[in-house]
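What follows are several structures.
Shared between the two complexes below is chain A, which pairs with chain B and chain C, respectively.
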Partner chain A sequence: MSRFPSSQSTSAMAEEPTKVGSAGGGDREGEDEQVVNPWEVTAKDGGKIDYDKLIEKFGCQRLDESFVRRVERLTGRPAHVFLRRGVFFAHRDFNEILDVYERGEKFFLYTGRGPSSEALHLGHLVPFMFTKYLQDAFKVPLVIQLTDDEKCMWKNLTVEESKRLARENAKDIIACGFDITRTFIFSDFSYVGGAFYENMVKVAKCVTFNKVVGIFGFTNEDHIGKISFPPVQDPYFRMTRDVAPRIGYQKPALIESSFFPALQGETGKMSASDPNSAIYVTDSSKDIKNKVNRYAFSGGQDSIENHRKYGANLEVDIPVKYLGFFLEDDAELDHIKKEYGAGRMLTGEIKKRLVEVLSELVERHRKARALVTDEVVDAFMAVRPLPLMFS
Partner chain B sequence: MGYTKDELLARLKELQIDFVCYDHPAVLTVEAQAKYVGHLGGALSKNLLLKDKKHRYYVVSALANTNIDLKVLSQRLGLGKGGLRMAAEEALQEILQVPLGCVTPLALINESARDVSLLLDQGFKSQESCYFHPLTNEVTLSISANSLDKFLVSIGRQPSYVDLEANPAVGKDNPPDLASLVPSGIPTLPDKVENAVTSIPTGNDGLTVEKPTKLAGEAKSPAALQKEKLQKVQSSIDPLAEATNIEKLVKEIMNKTSTAFLNEITKDLNDSQIAPSISDVVKRRVSSDLEHMMMSLKNAAYTQGFQAGFQATLRSSLQSLSMQK
Partner chain C sequence: MSRFPSSQSTSAMAEEPTKVGSAGGGDREGEDEQVVNPWEVTAKDGGKIDYDKLIEKFGCQRLDESFVRRVERLTGRPAHVFLRRGVFFAHRDFNEILDVYERGEKFFLYTGRGPSSEALHLGHLVPFMFTKYLQDAFKVPLVIQLTDDEKCMWKNLTVEESKRLARENAKDIIACGFDITRTFIFSDFSYVGGAFYENMVKVAKCVTFNKVVGIFGFTNEDHIGKISFPPVQDPYFRMTRDVAPRIGYQKPALIESSFFPALQGETGKMSASDPNSAIYVTDSSKDIKNKVNRYAFSGGQDSIENHRKYGANLEVDIPVKYLGFFLEDDAELDHIKKEYGAGRMLTGEIKKRLVEVLSELVERHRKARALVTDEVVDAFMAVRPLPLMFS
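Let's turn to the complex of A and B:
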């Protein structure tokens, strides 16, 4: 049973016509089938998640190779690894965004984070890494919302602590490489008011209590803060898409990413309470080596003879999956999959390569993060003109 | 890459065109140029690079004392009253590939100027020799109008001589007389697209994809093409945007470095095959890290500026406030 990466909440505001958000989706489902709802995802009896069914059920469209090639053509650069390898597998109306872009019209990006804990792990970074790619490739502005108020309500944190966490998380987000000349970050506690609040009210007027209960399953015991602030993305975004035309705006488009697996594999739970379930951005190279070697679920056979004979099971092997996310070189990944799947490469070797890749990534992040001071955060969060945001 | 003066002169020689060159310090204006060559008897030219609202470009080359009225010209071209304006400096570099103050009909030898229209002052025809810059501000080329025509024909152009001072009425019964000189294409700016050949492997979910070939070769819809070029033109207008374009900077740095390395290595190895592929690998590995570092730099520099600006505003506000008391 693998959980979502941290539930990134975004409030359903369409301030400007078109938005693209990053989401991981969910809804209630029958118990004997695969379960996908805002709080958990399970495959049917320990098998694989059936993405095609997900796509069909939620009415998304598949991100196929013709789509990827269209993106490459329009942006004039190779598509991001996540697109090329099907990490991001479905979308809603993203083709419309590409049409908009092709016509020379403008769109902007919108994503967010619910700052509930200080430590971010790689699963948290994935959507931000992709959003950065979108910003660079399409040269569009980005708005990042930090829902410190929401975490204050849902996780029972104090206001001060929520605000502090928001700023700390902002540093990690900025370290992903967002461009200050076209990025605006805000925290709800600091920013809600004015035009933003007007939009909130407009949207709220379009959503009935019954609907909210239906989507999120509130009970009489839940405090009222929760009702005006549902916690999870995809239902929220679908709500936005429903409401937006009613208040005169175009529907935002979405991209769905596949679930980032815990180190222990599909049967493991990635959670903040178990530090060994994920690689954190604060992990040292030693930590990474240790975690990967000891906890990364291997699809290799139990003995070397068997392994040479049957090869590794790439479906469940976590190192191969992680490399799929973070190893840039397509040719090398191909080669590894072939050799490992045929049994010529051993688990130890692939884990070693993964440790290298992850260490490089974490080290680069750490260096970049060290250069994000409080002043840099202040500048990103200042309400200021962004004259070059589309250039 | 744009032609150099020497390449241009070599071409003129090939065409057996007579010309004379005068060297002088770099000049940016006709007045300055006149100081050095004005007494020699030839006709100085003034040259403008103009642009219309649909991003089409025109070189207007005239005798120094011909009056050029852009509004009239605009109407005669069928662009309406205010349809023409001076092109931005960056367009000189990107389309004509000449420095500032160096607009010249000879720049049309460059591929990038393929779609630029040329309007020549008919006054040139009665001059024995005319003065133009041969792609550099430090030289004046003296050439007859006939020779200029020969050159233009050799690069596939029909020379168009126009009475630039004429002001015919343009209206329902009098169509714009210069409408045929409006270009049909839009200038192509230097290809900034990275030519990457990536192979997309067969993923677990069974998607099979062929290798995409060079991105530049893919067929694009006219709308996409136009929009792309528009984008590139627009983004080249703000120098600060150019200076903070990290992707571009990293590419330039990597290219310079790898070229330098390649030169050194091929000198030693005597084998020009190995080195380029090594340099590609090196470029790929270093570029990504370099881009991240540059982004940190950009954000930090912006923050420092922001702080300084904020403090400065605060101080002046406090000062004016205390003075009011």
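Let's turn to the complex of A and C:
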């Protein structure tokens, strides 16, 4: 099992090597002030990320209502919260994946993570929670790539530390509930070689230095590890979609999520350098309560009088946004938005409900992770046949 | 067994990870007209390569008479023809290797080949013939790297063709007589991964794009496969010697050979695009006779009268130069040079003797290669313990 199937012949997986991943698009600093690339997300003048502009700029397709209905019809189950509430807002060729599925043909899922931190925060969990839903709903194999080599190069970690973080992060990922009979997790340091390395070379041959400068904004002073890294990792999807057909493979289809906002407000991604900008899966209920109450940016008015009069600004309110990700009950969420927006509920009530929801989520994660021993990690990362991966 | 030992602890080999390789230096087109880099060798205005200038430019050490005597003393056997006749003319820190050997400590040899052609020519054999001598004389382990990935990228061969050529070339290399109990041969496509890939990443982190532009002359239009390749291959020795100490390894020592001249004259390397520029190990005795007689550039005079009067110009005479590589009898070589240089021997006689010497060499190689089955190649390329490698 390689990043790209090494032949079009043998395994069921190779028959239709179409992939679905989850990743943001890439962008360069330039004409406008909104910066979105694999390493940086900055909204214009401290405002919000303009997703319509991202869709237009990167030429993605909007993930609309009819698409959600089609997924529900095909899988025979309600769409995931992230899908029906627009957390995943854009895609490239995902319709073709649904065509493949409808014809009874095979596809598989791919996602990954660069293991640069000890513990994951809630934003890190979003793609994995969604990928678990996709795996369960479509009953398909999943490949998860841990780019320990990338983090070794970008974060200047040692090889050993990068490998250790990859295994620690694998435990959090496995705790999301992936099915071991359909899931293969690998780290680059442990798995580069063979057909994988052959594909890296094939991809590298198709991409000039000027091209990676254009896509990723590298400079002449960047080390050649960075410059040569894109062929190692599928999430460099714009490049992958360009190159794949030139070396005889199908383009991967993509599905793209919005950014999970920082507690302080929706002006960008959360920052590992500020632990108070995010809720971590290692936070205690007390930590969560403290962070939400102290740091979660509120759209409520500055006095109860004004709040009762004008209502909360839901567009900027972080507790409501977080509930939009993690409160599964649509009716309750609608109720909260209506009452809070009209000023009949106060920020304190919303935050209290959010603390409950997040504490339960994190507690469930903690219990699941405690069961993931080193042996379980080894089992998920073993190079092995997966006879049941499509059944 | 990796390019660089991955730890300084366990195997005998890792205790003194000093290496000896054979490769030309690197140079860039620039102020002078002599161009020597890993991909191009061009003398100034069709003249000869100026080796003194190379030594000065690249800061190598001249391989002098006292060095040759020291090798003979330490190994208790006469120096190889290539050593005593100056074919290997320069080195970097090889004296330190001899110090290591004298103290009874361990070192190993490394050399390699980029497998871009079906059959090797005599110039290709030179480093392997010399490496076999070194292995036998010092009784040390040897690692031979076949850079099939490099040729896939530079010559635009398919992965499959590059891998096939690597195995074919391995047969010619094995036919040079390497000791299977001390020799490990690998191809990049089959062996990149694990500790090897970890080292590639460690090296890549130390080298900027500007640096490889400076060393190798890459441009912004080169593909990122080329740009990122230097960390894969040890023969990029100038870079390796710069980086090794920065990541905790000893610098490899080097020994450098002069270029084996084309039949048409000593103005550069032989060209694969002109089969008449070189003697191949697949040439028949008839081919050899024909090529030597028709194409070998002669330093003899244009008439017998003039030749008897002025003698041959040995400085440009290819048959004499080839005999300098492959005629082992020092007395006979001296006799030929003296008589031919004085005009008492004619070009025809020299060429006849050269045809005999080369035919015997090629015939011996052909017989040895016929014994190298696929199973023998597999045995040399197997990842395996080498318990006798230092005994």
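The rule is short, and it goes like this: the second predicted complex is superposed on the first by the 346 of 391 C-alpha atoms of A that agree within 3 Å, B and C clash if a C-alpha of one lies under 4 Å from a C-alpha of the other, contacts with A are read in each partner's own complex, and residues count from 1 in each chain.
Basically, a residue touches a chain if its C-beta (ideal position, glycine included) is under 8 Å from a C-beta of that chain, and two chains touch if they have at least 3 such contacts.
If you're wondering where the values come from, they're calculated on a predicted model, not measured in any experiment.
Novice: After aligning the two structures on chain A, examine chain B and chain C and state clash or fit.
Specialist: These partners fit in the superposed model.
Novice: Determine, under the contact definition given at the top, whether A:220 touches first (chain B), second (chain C), both, or neither.
Specialist: Second partner only.
Novice: Go through the superposed model and pick first if A:174 touches only chain B, second if only chain C, both, or neither.
Specialist: The answer is first: A:174 touches chain B but not chain C.
Novice: With both complexes overlaid on chain A, does A:100 touch chain B (first), chain C (second), both or neither?
Specialist: It touches nothing on chain B or chain C.
Novice: Considering only the touch criterion stated at the top, classify A:364 as touching first (chain B), second (chain C), both, or neither.
Specialist: Only chain B; A:364 stays clear of chain C.
Novice: Of chain B and chain C, which one contacts the greater number of residues in chain A?
Specialist: B
Novice: Please work out whether A:74 is in contact with chain B alone, chain C alone, both, or neither, and reply first, second, both or neither.
Specialist: It touches chain B, and chain C stays clear.
Novice: Using the touch definition from the top, say if A:119 reaches chain B (first), chain C (second), both or neither.
Specialist: A:119 contacts neither chain B nor chain C.
Novice: How many Å separate the nearest C-alpha atoms of chain B and chain C in the overlaid structures?
Specialist: Nearest C-alpha pair, chain B versus chain C: 16 Å apart.
Novice: Return the residues of chain A at which the contacts from chain B and from chain C coincide.
Specialist: In chain A, nothing is touched by chain B and also by chain C.
Novice: Which residues of chain C touch chain A in their complex?
Specialist: 149, 152-153, 156, 159, 188-194, 197-198, 201-202, 204-213, 218-225, 227-228, 230-231
Novice: Quick check: in the complex, which residue numbers of chain B touch chain A?
Specialist: Residues 192-194, 196, 198-201, 203-205, 207, 209, 212, 215, 218, 220-221, 223-224, 227-228, 230-231, 234-235, 238, 240-241, 244, 246-247, 284, 288-289, 291-293, 295-296, 298-300, 302-304, 306-307.
Novice: Per the contact definition, I'd like the list of chain A residues that touch chain B in the complex.
Specialist: Touching chain B from chain A are residues 51, 64-65, 68-69, 72-74, 76-78, 84-86, 89, 102-104, 136, 139, 174, 177-181, 314-315, 328-331, 333-334, 337, 364, 367-368, 371-373, 375-376, 378-380, 382, 384, 388, 391.
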